[in-house]
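The first chain written gets the first letter, and so on, giving A, B, C and D; residue counts start at 1 in each chain.
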Amino acid sequence: MQRIGVFVCHCGTNIAGTVDVVAVAKALGQEPGVVFSTEYQYMCSESGQQLMRAAIREHKLTGVVVCSCSPRMHEATFRKAAALEGVNPYMVEIANIREHVSWIHKDMAEATEKAVILGRAAIAKVHLNAPLQAGESPVTKRALVIGGGIAGIQTALDIAEAGFEVDIVEKSPTIGGKMAQLDKTFPTLDCAACILTPKMVDAAQNEKINIFAYSELESVKGYIGNFKAQIRRKARFVDETKCTGCGICTEKCPQKKVPNEFNMGLDNRRAIYIPFAQAVPKVATIDANYCTMMKTGKCGICSKVCGTGAIDYTQKDTVIEREYGAIVVATGFNPIDAKVYNEYGYMDSPDVVTSLELERLMNAAGPTNGTLLRPSDKTHPHTIVFVQCVGSRCDETDERGKPYCSKICCMYTAKHAMLIREKYPDTDVYVFYIDVRTPGKNFDEFYRRAVEQYGVHYIKGQVGKVVEQNGKLHVQASDLLANEQLHIDADLVVLATAIEPDKTARSLGTMLTASMDTNDFFTEAHPKLRPVESPTAGIFLSGVCQGPKDIPETVSQASACAAKVIGVLAKDKLTCNPCVAHSDELLCNGCSSCEKVCPYGAISYSDKEFRGPNRTTLIRRVASVNPAVCQGCGACTVACPSGAMDLKGFSNKQIMAEVDAICK
Amino acid sequence: MSHGNNAAEQVLRSSGVDVRKCMRCGKCTATCPAFDEMEYHPHQFVYMVEKGEIDKLAASPSIYKCLSCFACVERCPRGVEPAKLVEAVRLAVIRKQGMNHLATDAIPALLDEEMPQQALVSALRKYSK
Amino acid sequence: MQVNEYKPKIVAFCCNWCSYAGADGAGSARLAYPAEVKIIRVPCSCRVNPMFILRAFQRGADGVIIAGCHPGDCHYTSGNYFTRRRMALLFSMLDYLGIERERTRVEWISAAEGAKFSKTMSEFAATVASLGENKRLEDLRCKQ
Amino acid sequence: MKFSYYPGCTLKTKGKDLDRYGRLCAEALGVTLAELPDWQCCGAVYPMAKDEIATKLSAVRALASSRDEGTELVTLCSACHNVIKQVNHDMQTDADIALRVNNYLGLDTPYTGETTVLHYLEVLRDRVGFDAIKAAVKNPLTGRKIGAYYGCLLLRPGKVMRFDDPENPTILEDFIRAIGAEPVIYAMRNECCGGYIAVEDKGAAVKRSSAVLDNAAAKGADTLVTACPLCLYNLKKNGGRDDVAVVYFTELLAEALGVK
């Protein structure tokens, strides 16, 4: 018989406000096997834990039930405390009476009754708990970073700095991501390239960092400490080891009509190209969709002009396999497609642009060499209208937009408006806003400067329709404070389109079994306390893949993420989850049902000798589980027809005891 | 704020609109083709219904100026559907005895040779019980 | 004679990764659902053995709901597909035994869907309540 | 291909051309339009209020009788289309309206939105196919620069109408291409012509209609096509310019198919 102690937490008033904690402690104290029951204000606090440890010593407890917040919150805390007193950590069970009781029920009698029932279920389970010993598994001392934008680069640099190897997998031909496309950065107005490109070079030169650009993750298997990934290195049709990045091929290529994605399609590039001058790796890539040689077999000019013989039209994709101890997701974002908001005329006029397109139009390395010219007729725009929140902050029923605030638009629009007024003082700039959101260091001051020093017209209202006629963009908008409808003849309209996670995020989330929210942002293990970890062990989150962020936030999160990864890689062994499946060989009939449902291949069969009646020996085929590979899902336990397979920590008997307690 | 007044509740019920969804962006008013003709504009309908100021709206010619073009309904990012509020207030008025905006016999004088039946029927539906 | 107000007993098996976290999310957002719903945490919805459900009905549960990750999002890659197939079979068998279909349910609720958790549980509790007590499999010998 | 056909009152009077050419073209394209025997006026404007039942009945009668015929229901006039499709949506999604309408009508089988409502243009796009139309064209309107005028009723509310992208529609442009002309895209093509406000406030209608026409003319359109008699009226009467012809799309189709 177990000697069980029950500890009911008040959680301040979070629990005690709705649940009569004294009554719960008293009721649970009457349960068979419970030798001690008490309540305390904050069980998770140092003094709360001391109280628990003292009780374990004093009452020689063999099992512990804590009625508190979700086990996802403090299970580990209480297990650790119990272990310090020599009680096996898996003899501790949590009854969740905060998230599942006090926070959702108002009536005290009802909530108290439910808390008691959940406490009884936990007690019933502890009666059947057995001490479990966690095994250990080795750690591969290398990290994988998926995505080579500023988030991925920063995380990789920090991990490498600590002395561990890092691979960056980037799907485009160069690292740099969105930040490489930006002109200036708020609120300091320093040039994005000037602060980003040195980091790109650092990453390239760091001997601990391998950059797999123009590559995609194909599959991932394994678990924390022991991931195996297959990486597809797409054929560039250029030998990376031979190409010097001289760029002659990109000048001589006769196919000049390929939309330049780096410049948001505002100009064209060649079929063989280097995305931008500071690309890393600085290697040419042939775009097979446009290359005349690849399509018709006639041309070959790049091959002729290449001094190092790097061009290889027959190159094939290769798939490499690498092992990792931890994986970082840094897949970033894209602006939504503005074409669904055609009331702003994005599809009708080239002079309606998105903010990212404007970045390229203002960038010295962009299609206009930094001179702000209208795409339609290459003239200076004199009246510019900015529209905020295009596709952000929409109702959940809205089919075009996103329910969240994209967070960066208010600030980059203030930046754009300010830069334009500074460079072209004869330009009238209007910003239509719903709210101006500037929480950040020196952010509101920055916005106020746009208004007060630079004379940007901020108008509380929205644009309803943009009509292009005779070279002007007729903007119809509301001015809510004046209760007017405005009609502005503009030359350029800039849409601050919402940002959304990169399209690859969803399939990546599935591949990594890392959970995502309804907007395809990766979910963190805890929104406040574990913001850079996925709930899936060994998967870490860096940058906008987790939620909208600006550059300073992205960089701090990227470094935080690196710290967490280093925490894993620095260990030689990791403790495994002891709640794994186990087969009772005496009951196993060797049917293979379990083997078929195991997603990890953790179950194997072997012939074993068993003693039969009358001193005979029987040879039977039986299953056994590799505890280092088993992840503890339990699929096999249900498939097993003979009841041989069971899951430690969640055994058939334990769960049925819980069912009984709840239905009593 | 006069929450819970009967006229406002009737308008909310009959329109099916949830005025609390509004985030005051003003896109409805920005897109409204009848802005110049209206005394109260679409965003004001939303706000004034929320405040319970139905009497002011009911007395305003604005309720006969909405073109029912659904531009505000289509473009509202919050799914508020301001046009339905205009219709609900208008109905609350013309459903009362003797409150037709246009009497049936006054209409023929407004018509011309080519005007399609559709215009006439629409006007009858919108302006009278 | 004492007449008790009827409140159904509902057992909700929630997978640790999605739906249990979804229930925590419902709690954090203070999205209420009826107290009749009691949650049992399992590592994956595929850990739910048909025995557990039969046991619940035998012990007097009026409804059983299993909640797991959305198809394709299972923490263990494929567990919820097993759940879907197994439960389709089990529920039709229970139906044959006279346990109405509405008393059993499988739902996919992600960690981010606190609102869905609360809504689903409220609806399920209301449905089960409207069916009244489950007598079909209840074994009174199990009650002390 | 056989459909139930709901012409609507305007198509029997001032909008005869829309109907006449529509029927001729349908015949030429092998589409049978069987006019519902007992249709009544749809009311021309969709009754938005949740508590309006009487004004939705005629639309439901047409929908139910199309269902009883076992055919999809085709409309041609934009206004009728808007009313009937929105009422159909109410019958599918609003249990309260469906219950009250059915209680009132007392049909043999209650109507719950089973009928598919198609606009004539949708029949051309989704059932006949613009490629087939292109192949059937005898007199392509080569060289004509035609602007599509959608107005409001075909497109909005987009979630209910499900007709085309409400902000960037292409169905009429594809139609214009199919009959051999060049589509002119202009921003005002999905803005209101003024609608029934013309009855009471001509000035307002003039403002709206002339803005539409001016924008189309500035983009080089010589002709606008519409599917709505009221739009046609407003653009012609209140648009304030005669250098842009305004015609029903069925008339141009008839011309191209050689059945005019």
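Here, contacts are C-beta pairs under 8 Å (C-beta built on N, C-alpha and C of every residue); 3 or more make two chains touch, one makes a residue touch a chain.
Predicted, not measured: the structure shown is a model, and the values here were computed from it.
A count of C-beta contacts for the chain pairs A-D and A-B puts A-B on top. Between chain B and chain C the centroid-to-centroid distance comes to 47 Å (mean Cα coordinates, whole Å).
For this pair, chain A with chain B, the centres built from the Cα atoms lie 46 Å apart. Distance between chain centres (mean CA atoms), chain A to chain C: 30 Å. Within chain A, the positions touching two or more other chains are listed as 343, 465. Looking at chain D, one finds that residues 158, 167, 191 touch two or more other chains. Residue positions of chain B touching 2 or more other chains, listed in rising order: 36, 71.
In this structure, the chains touch in the following pairs: A-B, A-C, A-D, B-D. Against chain D, the residues of chain A that register as touching in their complex are 339-343, 345, 347-348, 399, 465-470. Of all residues in chain A, only 343, 389, 393-395, 397-398, 401, 434, 460-465, 476-480, 483, 485 touch chain B in the complex they form. By the touch rule above, chain B contacts chain D in their complex via residues 13-16, 33-34, 36-37, 64-65, 67-71, 73-74, 83-84, 87-88, 91, 102, 107, 110-112, 114-123, 125-127. Within the complex formed with chain A, the residues of chain C that make contact are 9, 11, 16-18, 20-21, 23-24, 26-28, 30-33, 35, 38-44, 46-52, 55-56, 59-61, 69, 72-79, 82, 86, 110-113, 118, 142-143.
Interface residues of chain D, counted against chain B in their complex, comprise 8-10, 13-15, 41, 43-52, 55, 77, 79, 152, 155-158, 166-167, 191-192, 194-201, 204, 207-208, 228-230, 232-233, 236-237.
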